[in-house]
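The structure appears right after this line, and notes come after that.
As written, the chain order gives the labels A, B, C and D, with residue 1 at the start of each chain.
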Amino acid sequence: MPIINPVSSPTVPPAPEAGAMVDVVRFERVGLRYGRGPEILTDVNMRLARGSFTFLTGSSGAGKSTLLKLCYLTLKQSRGLINLFESDISVMSRAEQQATKQRIGVVLQDFRLIDHLSVFENVALPLRVTGEKREAYRQDVMELLQWVGLGHVMEAMPQTLSGGEQQRAAIARAVISKPDLLIADEPTGNVDPVIGRRLLRLFSEMNRMGTTVLIATHDINLISEFSVDVMRIENGQLFSGLENGRVHG
Amino acid sequence: MPIINPVSSPTVPPAPEAGAMVDVVRFERVGLRYGRGPEILTDVNMRLARGSFTFLTGSSGAGKSTLLKLCYLTLKQSRGLINLFESDISVMSRAEQQATKQRIGVVLQDFRLIDHLSVFENVALPLRVTGEKREAYRQDVMELLQWVGLGHVMEAMPQTLSGGEQQRAAIARAVISKPDLLIADEPTGNVDPVIGRRLLRLFSEMNRMGTTVLIATHDINLISEFSVDVMRIENGQLFSGLENGRVHG
Amino acid sequence: MDEFENTASQPLLNTAADNARSLIIVLAIMSFLAALAILLSLSADRLGKNWQGELQRTATIQLLVSSPELAEAETQTALKSLRAALPEADISPLGTVKSRELLTPWLGNIELPEDLPLPVLISVTLDSGDTLSAPRIMTVLREEGLLAEIDDHSRWSDQIGKSARGLKAAALTILALIFGAGIAISAFATQAALSTQRDVIRVLVQVGAEDSFIAKLFIRQAGLRGLKGSFIGAVLGLLAAVILSLRNPKDTALLPDLNMNWTDSFYLVLLIIGITLICSAAAGFTTYRLLRRERRRS
Amino acid sequence: MDEFENTASQPLLNTAADNARSLIIVLAIMSFLAALAILLSLSADRLGKNWQGELQRTATIQLLVSSPELAEAETQTALKSLRAALPEADISPLGTVKSRELLTPWLGNIELPEDLPLPVLISVTLDSGDTLSAPRIMTVLREEGLLAEIDDHSRWSDQIGKSARGLKAAALTILALIFGAGIAISAFATQAALSTQRDVIRVLVQVGAEDSFIAKLFIRQAGLRGLKGSFIGAVLGLLAAVILSLRNPKDTALLPDLNMNWTDSFYLVLLIIGITLICSAAAGFTTYRLLRRERRRS
């Protein structure tokens, strides 16, 4: 059975509606500039409550990927406060940062699969890094790969996959460790609408089990099919909804 | 002025309607398998007439990228005949192959920009490889970059660009040498609809100037906006149109 | 699904991408040179000590006899008192035949007159460990009323000591250079591996791997290569030295002969350990440095 | 748009990514060792030849005089006929004082009887270029009714020749090893550079660059690095050799002294050219091989 099947796990611990409204991500007046360049993000306030599902839109170059990078600790804000899981990232030690990263699943525009590792090994990587035993995760990885439609290429190398297959492998790697926060940058850019919808169903299954989801996308059609929160970046500022109207923290 | 502006170049040499209907690409009963795997493409017959504009669709993993690779000489067919510019590719010498590649512009799913070269240098690369002088192409490159909306990041390094900006740089590189054949694999996957439409306008400008265009895409909305040929791969076979109906050579 | 029997994990670092073989060849050549330098240095040291010791333990006493007739008697007296003074030493007269032989290079095979008052030569060889005190012997003989001169080879001995030290210094310099090259090569190879495997590192960092987790991968890889390369080089170096030491030693008067000793291989083991450690350390150092730099960049 | 003044092209290969510095250090150390080996070998060769030549050009003739009274007359006869036979040579009697001095190591400071029929020693030194024919001199003297022995140092000369050859062989072996290591390092570095710059190559191939265009980039890069590294190493090696040759030569009887010659630097230039060529060739070879392999793969 796929590990993300909601039916087989009725006792998911703190479901979003169950516990107190805890913020998984919280930005307060965050600003970001690259080097000496202009501010890409200005005074961004954002809260992602535990168990929320949010789309992030904006035109090309608006700063979507940049905002996501701040959330998955690959970039440091120039100013302002960022809390992840209720702790201030600017005072985290290197080890704490890495431990925090283990709670975050990331899918990037370029898939970043490791060329010399099979699809199976690529997907199993987050578990391997945390020191889990192969016997313990082997079955889970195989089931997940079946579910995303890569059961037949488990032992293939990433370069031998089509673009869409690589994207699915990257998504499988992001969700295998059942992260508390899932961040995806343009996760449906390379797949056809059918597979795109299937992948989004995977994300919403994860979300129903308690994972907070944040997805950056251009795909307006996709967004319109889901009744979830939408945020939009424009001129370095964050607004809620597809129309105008500033988000407030 | 942008070099691809059709108004400023009324004397484009052999426009498609002018000369005889010459095939830029011709496949005859082409089959392809990777290693000992199954045939990805079976008995594919395809003709791209000079000056034609064709979309290629198919589900993820159908073989779109594979078909394109055959066209831009990165893959050899397992059987059958492929002619590019009326010459059989299987009897070409290495030097002839490279000379042929110089007539083909390619945009790939991963953009393949060179990390340590600026956007300007990346885009100028095809000209540099053919030995053109920097003074001769400098102005052209700068105009093209303005046109695709990268005028402000000409000297930036590719990693500092957003996904959509990288895609536009890759497209600029593909068209800078005014190729006879332009092949694009999912060129609008990472840009919003506005920029996507703008890029397609660039392709059709090129097409009006005589370039044969072949684009693989999932984006049905995009296709429906253009009244061009559509081909579809299903189960290793090539069909014309979005509905059933086999293409015959 | 069950025919998929992937029970062992693939190595995280790409072993095919970076060219282990030529690196190992380079390390082997460096180790080979280092091994030869070590063996030569040990040899020179030992040889120098042996020669010096032997020279210091032998001396030639020239007994200046008053007249040919008294030679025999005076020789006996001298022998007796020398043996009394140096009971452990091997003391023997060289005899006139030997004395004349020593003169041959200068006098040719001339028939020397029988009554030539040639000095009587007495050789003294001490047990190893003791050294000779020339003044003491002179005193002993003078007490018996005998006149003598002693050649205790001290000039030669100094010379040899200096030569051996020079040779050792040269060998050690070469050794240091080779170690320097080893460090540079290791650092180079690790940097190359790291830039080849930059993608792997980026992904590992992203999924939350600790720096030490990543560094360990490179340290193990570099150490293994260092071990392989230095082992091959050291073994070949030992072989070459053994073959050289089997040569006819008279062939090369100017070159010190390699006189091997089985305990020398201990130093070769140290060499192997040293190069392995250097490779590992360079890899670890470079990995941490690059990780820190990457972090600062983003 | 006009403030964008990019008039010079950026280099196509990423110079920052692969670590040129440690490669150059490695090449410099290799070249340093090679330079020392070359200079040592040339020195040994020249030294051996000089010594051999000098030994072959000097001889000591021992004139066996019939009686002390006739010594003077016979010496004059001998000198006259020797000078007639060898007009170019420097011929002089060593005199009794010198003869006795030579005997001192063996006889001590004994008062030798005046009437001791010591042989008369005559030294012969030929002009450089000539060599001595011992039998011819013997014949010349025998015609005058004189008996003589000749020490033409041939035994020593052979010894030195063998030693010099041994030293040269050793130096050449080290040189060959260093060149081998240089080739391996070059190949390694090029492969590393190629895998670091695989993306660049893929793009260049895709936009239609000829193989030779790509290979040239790597050949130039590797050649420049080889040139830099070997130049630094050779200059440092020359410096070290000069410093060594300024030492007190008596310090090390066993080590052949480095006697440098300015023409030696010609060989160092050859060394630099050789290493540069090796690096370039290894780079070119590796590039073509990888390009061919990539092509076969796709």
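Operating definition for what follows: a residue touches a chain if its C-beta (ideal position, glycine included) is under 8 Å from a C-beta of that chain, and two chains touch if they have at least 3 such contacts.
Remember, predicted model here, so these are calculated numbers, not experimental data.
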| item | value |
| --- | --- |
| Required steps from chain A to chain D (each step between touching chains, minimum) | 2 |
| Most remote chain, CA-based centroid, reference being chain A | D |
| Rounded Å distance between chain B and chain C, as computed from the means of their C-alpha atoms | 68 |
| Centre distance in Å when chain B and chain D are each reduced to the mean of their C-alpha atoms | 63 |
| Approximate Å spacing (C-alpha centroids) for the pair chain C, chain D | 23 |
| Centre-to-centre distance between chain B and chain A (centres being mean Cα positions), rounded to whole Å | 32 |
| Where chain A touches two or more other chains, by residue | none |
| Contacts with 2+ other chains: residues of chain C | 17 |
| Chain contact graph, described as a line, ring, star, complete graph or other shape | ring |
| Which chain pairs touch, all of them | A-B, A-C, B-D, C-D |
| Residues of chain A defined as touching chain C within the complex | 69, 72, 74-76, 94-95, 98-104, 106, 112-118, 120-121, 124-126, 128-130, 134, 138, 142, 146, 151, 154-155, 173 |
| Chain A - residues contacting chain B, complex | 34, 59-66, 109-110, 160-165, 185-186, 189-195, 218, 220-221 |
| Interface residues, chain C side, partner chain D - complex | 17-19, 22-23, 25-26, 29-30, 32-33, 62, 64, 99, 102-103, 105-110, 113, 116-119, 149, 151, 159-160, 162-164, 166-167, 170, 174, 177-178, 180-181, 184-185, 187-189, 191-193, 195-196, 251-256 |
| Footprint of chain A on chain C - complex, ascending | 1, 4, 6-10, 12, 14, 16-17, 199-200, 202-211, 213, 298 |
